[in-house]
Amino acid sequence: MLFEIIRSEGLSHNSYLIGSQGKAAVIDPRRDCEIYTEIAYRADMAITHIFETHRNEDYCIGSLELAAQSGAEIYHGSQLPFVYGRPLHDGDCFKLGNLELTILETPGHTEESVSILLTDHEVSPEPYMIFCGDTLFAGDIARTDFFGRERYAEMAGKIYDSISRKIIPLGDGVIVCPAHGAGSVCGGNIADHSLTTIGYERKTNHNLTIGREEFIKKRSGESPYTPPYFRRMEMCNLNGPAILSQIPRPPHLSIGQINEFIYQGAQLLDIRSPISFASGHIPDSLSIWRDGVPAFAGWYLGYDSPIVIIDDFNLDPEDIVRWLIRLGYDNIAGFLAGGFAAWFKGAQKTVSFGTCTVQQLYERLQTESLFILDVRDIKNFSSVGHINGAHQIYVGELPQHIHNLPKNRWIVVICDTGFKGSLAASFLQKNGFSRITNILGGMTAWINAGFPVEKLP
Amino acid sequence: MLFEIIRSEGLSHNSYLIGSQGKAAVIDPRRDCEIYTEIAYRADMAITHIFETHRNEDYCIGSLELAAQSGAEIYHGSQLPFVYGRPLHDGDCFKLGNLELTILETPGHTEESVSILLTDHEVSPEPYMIFCGDTLFAGDIARTDFFGRERYAEMAGKIYDSISRKIIPLGDGVIVCPAHGAGSVCGGNIADHSLTTIGYERKTNHNLTIGREEFIKKRSGESPYTPPYFRRMEMCNLNGPAILSQIPRPPHLSIGQINEFIYQGAQLLDIRSPISFASGHIPDSLSIWRDGVPAFAGWYLGYDSPIVIIDDFNLDPEDIVRWLIRLGYDNIAGFLAGGFAAWFKGAQKTVSFGTCTVQQLYERLQTESLFILDVRDIKNFSSVGHINGAHQIYVGELPQHIHNLPKNRWIVVICDTGFKGSLAASFLQKNGFSRITNILGGMTAWINAGFPVEKLP
Amino acid sequence: MLFEIIRSEGLSHNSYLIGSQGKAAVIDPRRDCEIYTEIAYRADMAITHIFETHRNEDYCIGSLELAAQSGAEIYHGSQLPFVYGRPLHDGDCFKLGNLELTILETPGHTEESVSILLTDHEVSPEPYMIFCGDTLFAGDIARTDFFGRERYAEMAGKIYDSISRKIIPLGDGVIVCPAHGAGSVCGGNIADHSLTTIGYERKTNHNLTIGREEFIKKRSGESPYTPPYFRRMEMCNLNGPAILSQIPRPPHLSIGQINEFIYQGAQLLDIRSPISFASGHIPDSLSIWRDGVPAFAGWYLGYDSPIVIIDDFNLDPEDIVRWLIRLGYDNIAGFLAGGFAAWFKGAQKTVSFGTCTVQQLYERLQTESLFILDVRDIKNFSSVGHINGAHQIYVGELPQHIHNLPKNRWIVVICDTGFKGSLAASFLQKNGFSRITNILGGMTAWINAGFPVEKLP
Amino acid sequence: MLFEIIRSEGLSHNSYLIGSQGKAAVIDPRRDCEIYTEIAYRADMAITHIFETHRNEDYCIGSLELAAQSGAEIYHGSQLPFVYGRPLHDGDCFKLGNLELTILETPGHTEESVSILLTDHEVSPEPYMIFCGDTLFAGDIARTDFFGRERYAEMAGKIYDSISRKIIPLGDGVIVCPAHGAGSVCGGNIADHSLTTIGYERKTNHNLTIGREEFIKKRSGESPYTPPYFRRMEMCNLNGPAILSQIPRPPHLSIGQINEFIYQGAQLLDIRSPISFASGHIPDSLSIWRDGVPAFAGWYLGYDSPIVIIDDFNLDPEDIVRWLIRLGYDNIAGFLAGGFAAWFKGAQKTVSFGTCTVQQLYERLQTESLFILDVRDIKNFSSVGHINGAHQIYVGELPQHIHNLPKNRWIVVICDTGFKGSLAASFLQKNGFSRITNILGGMTAWINAGFPVEKLP
């Protein structure tokens, strides 16, 4: 049988293409879906089925796009009123050549979540693999907080039951193919393993080893971060995103065009390094370094006003475009032609803010009264440790808490390495804060330099 | 952790690249090894270790090539006097970032075979994966016949013990990464699964379920086919193949150059379809269709006289070159410039032999006395079934048995689909047989057409 | 300035991308136009202008496609009522950075033909290049026969005047960029030069050196071949072809699907080599070898019933698709999955016809009365020479003359190398002729073998 | 005939591949020469001849590399004792299919310079193209200063005579294919035209229109810049550079490894943007922005100590490697793994210098006494204009003049856009200057902002 994992970096999203005897199915396709048709084409297979394990909330599903290109049928859980596709019910069975795909309803992450059990009858009637979407991850269980705090316990119980009653009994030797890998916002602690097995999880997955009651209790105490674009993705994936046909190729924009876009309220996305950004950028730009786009664009970018992208040398622009359209950002206006140097050449207005190294910070702290804003998540803040006196606000939640920050003090932003700090600093500056410093190297450098840290219990 | 399967089609060879925290290891690299350096490069990792699970006999190992490009150290079992690399012993342990690799000596297929157990301490001290080379395959156990019939039982026992005492006890949930997939000549019955688990094999692998005594008995009755190039590969992999630096790009040869090569005894490898070949080809050509090169070149091509390749349109020549150099064929002279049409345009001598469809064959059989030569393997001949009266000689072993064939009768060659039949027919013609017909569509067509077949018990 | 020639093989079509200071123009874009956007993108330029030198009749213009992707404006001659784009008039002037593009109306090939004179004011006010579409070619003048025999002299005079009065006076040193290269059906005798100069043409272009009267007289005696798809292209290019957005990726079709398509009247396009085709093919297939598709599909394929493509190994299918969509064939159903061998394996009906080498033909001619059908063009037939007694009908015009061929005789088809002969033979067979032989190697082989030829004055 | 221009950006180097009837020649190949073998391969041609128009001084010739891959013969002028290849003499003639290549000795740029006249006998005995190396450029004549000031007039006369007596008389319509395009250091004023003609040059090339005496006089007053690596290239191209076999893939280096290299005296090449560099970099780094590497590496990098490359995100590293090996830099140690952020994370020592915008500079100039160092070439300084009081030293010649700069003053470096200024500033800092500011946007921004400039006559 054909078996391919297609990983989308940044989102830590895994989709799967499986096939047998000329027929193929894709599970949870991403929106830039030519990779599936290419693999199927080379394998002389037609994609006939597309399965969504659930209505994804962290990216724009590619089902309609792929269906338009392949003619395949789309299937998803029956517990949501999807505008497109066909409903799946527990026990539904699909044949794909020698393969048999059996649907298990596994609610918990969402009500309509399903897992797909694969048996390869060419080899044996024993179950071989399970595609369990956002239910069981390597090293973790998917988050269950989407229905509000009052249903925390209920949903945690549901997912625990889905896993312990439907998945675990399949046997230790079944290969587990989850929809997300390490770094996904859909799980707090996913291991960096592409694949796992029921046996390995049974032994090593902390959430499984603590037992049902303990797990529910633990969950009730958690509040995972939820980027605002999740709402958008949910609506988008319920109704089906727009068909693209191909990856857009946004134009290179002259300074004149960009000024016009700015005048019309464009969002300026600066993907250069933090040190470049701090030293000079277009006023009101947001600093999201290149590789941070998949994870952080959804916290800060809107879907209406056009997005103008600023880079140093406009290298590999297609990556940026792919990442944005995976998040449903079809409002990309273009790239600054000639890169940021063109802005200087045009003698256009720039602004800047300070940066400093951890050594410099350490020295300043001896004498100055600085407001240290640590924008890492609370887990890092607590367990990796932080600078004495630092205030923690997660970078993604800064917009909600910005009114609590003191405008009259010098704010030093720190994160783990300096990238998220640049985003936070750019957001502060855009909102009228003028005395800001971003710490290059972040807490990693601070610790590497041997400076003192505090931890929370 | 980084985990990538690199499959070499045709050989059904799997190699693996694993990595953690900037360091990577490759297990059983192939000779055209730029794919490993590319993956490692993109992942910002340095390849530091190369492991050979055993001295491979079916392809040319890429360890020296990859070491030359990466500076990595090479390791292999201690039970053979390898000219290069360092010896491994049971229990040896390697750190690769968070990963721990533990060597298990697992003799049976060969004396020096090892398996590599991977534990990811980032996640758990439980074993996660095992790279078991040619020991345990998905659905099969590697062949154990290389040391002669007198040691059949001994080696079968050894591999059985290696698996049952060292691998099975690791637990059902361990992922099994074998060195070969379906279609490899290193196992008779490998399932078409890239990956498997100990649990899945324990339940479904027939060779494991029958028990030690039964397995040894079964093995004693088997005689797997062994292509002649295996000897060459063994010597090559003991001493280390020549370094290539890059995939060669053999020249396009004019008719004049080709005639000169023929005069000097060149081997003519015609990779066109069977129907093209039969209808006209250069005298003394061997017919091995494009996709058959990895599996059949080693049965028929020598390593000394130059190889001239004949195609229709010279499409994707790099594939052919890669497949040949993976088998150690560094004696490629070039391609016929302009494709086979150039040979006709040059008014050069061609020869041909007959083809017919199964319908035509069926009709001829009513009236003619034909010698039906079935060149499939004995398993297909017996269980899929054959035409009444057919004589079975496996295509690879035709050279040893050709003297038994009747020169005075019309020989009808049949295989499963017509490709291997073309190879057999070309070999017969090259050896003086003149009345030959290859059956297009082979036994597949015969059965699809509803004609009668016989089976052996 | 940016200057790139984009050649479309097979059609021998040249398009051009020029640019300066961030702005680019494309002249006569082809339909698969991502190559222009890619070049412009890498050069940090926006495509702002698209020029059509005339309403092309031999391929589907890519102007609308490129405009949809780039937002550029389309321009063409004013003497035709184009449904899209803007009219050009003699003397119109466009600025593209430092470049100045001046329109010269140069009727003759068509009424609305224009040439575009480029001056690079960065360097000099002297003219630098001229894009003269289908007016002046390297070594030839474009054909002028599209308006019927009664206007032959008029149009020949017009093109001669366009060239001699508007182009030649620009001076010997001006670089000439024509819309077609050697092999195009838009000129009978185009030299194999990508580029030329007015000076080189003035000295070496026979049509220019003979003078106006002589040229008109010569033209009056010519009847260039006109494939039937020209009418389609003319209508298509007047109204604008459908927008594709991307190169289609036609599916691999099972035998069942193909039989259904055949039942519905599909056109079977077999792109294998002549020797493969002759020895076995699906009944009613047309034989157009892979590289012959751009030049010969337009003679034989219709635009309504679906096209099924048959190949040996389905290599590089994208090339075939590109070639077909450049000719406006949006009716591609797909490829035979598994290649032609699948047809045999399925025990499906095949037919065949004979082939022979020139040596075999020579021998047969000593004793048999064969009807030799030479399907080369009349120029080759006359000047390269033919076999005594051969009847000449150009392969493209066979449909009009097939009723003149004797059904009761054995027809031997010959062309220059055997490819076009295969097309002719397949067409004869499809139309009920049963005794057909195609000569492999064609007249090239015949001459190479030293057999006698006759020439016409 | 096949005709392809292969341009190497940055060096503005043009090489050419021409071919006919299965044979191809390459003129002035670059060192990363797989592009030639690929083009020839696709065109079904064998590269049989390699011509060097002269011993190049600005890049490492790829003749030996290409000969090793293709088996072609190498030819160059007879007036230098090349260690490899065969000598060419005036009037030597080579056949390449239908093409005839005639050697014209055209000394002036160097003594052994030749031009290659191409006639295509398929079309006409008239000359069609000339490959004139570093003799006649589009819009310029090659520099003639390599033999010292005392031979300025002699060499200028020689090149003038070569062009006026041997090239011009070939006729206006001959296409001219020079070895360099705009931006090359081998000509001061080359037009941005890939190709030109004798006629166009005769009319528009200032150096030709002024007449012999005037030209010699003009040349006697010129002193073109000569990067120090020219000497190295000359020796290299006389003796033949080392064979690479493939583009090297330098490793990603950890901070530990880099510190070791630094300890051993490595050269640090920082290819980030000027604004990144100024705000923080490894002590003693040289700032050469990515696209500046081909033109400026040769001024500042040595051939002995290893080169460590520092980038933001290590995008497209192959480009950098190609550019360096074209200049003969085989001493690349590797890239900083993880990009420059890794340096901060490691809490390693960094240094910085100031930058400012032109607006800030303008304000500072009202009150401060700054030493303005303008590192553009003298032509730009004089004719585009400069800031009142600025001192001009060309960036490439800064090492020779650094002792004249005042260590006690604040030095403001300015160039045209800020990139070369960053290189100059980095060199100053490396040499102990501590008060340095680089002007972002350079004189382009200054002029765009409307600030006053002075010009020299």
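Worth a mention:
Per-chain residue numbering starts at 1, and chain names A, B, C and D are given in the order in which the chains are listed.
By our rule, a contact is a pair of C-beta atoms (placed from the backbone, for glycine too) under 8 Å apart; a residue touches a chain by one contact, two chains touch by 3 or more.
Small disclaimer: the values here were computed from a predicted structure and weren't measured.
Counting hops only between chains that touch, subunit A reaches subunit C in a minimum of 1.
Of all chains, the one whose mean C-alpha position sits at the greatest distance from that of subunit A is C.
Here the CA centre of subunit A is 44 Å from the CA centre of subunit D.
Centre-to-centre separation between subunit B and subunit D, using Cα means, comes to 50 Å. Centre-to-centre, using mean CA coordinates, subunit A is 42 Å away from subunit B. Of all residues in subunit D, those touching subunit B in their complex are 22, 37, 41, 44-46, 69-71, 245-246, 249, 251-252, 254, 314, 337-338.
Here subunit B touches subunit A in the complex through residues 1, 3, 120, 122-124, 126, 128, 138-139, 171-175, 191-204, going by the rule given at the top. Of all the residues in subunit C, the ones that touch subunit B in their complex are 272-276, 278-280, 290-291, 312-313, 315-316, 339-341, 344-347, 350, 355, 357-359, 417-419, 440-442, 444-446, 448-449.
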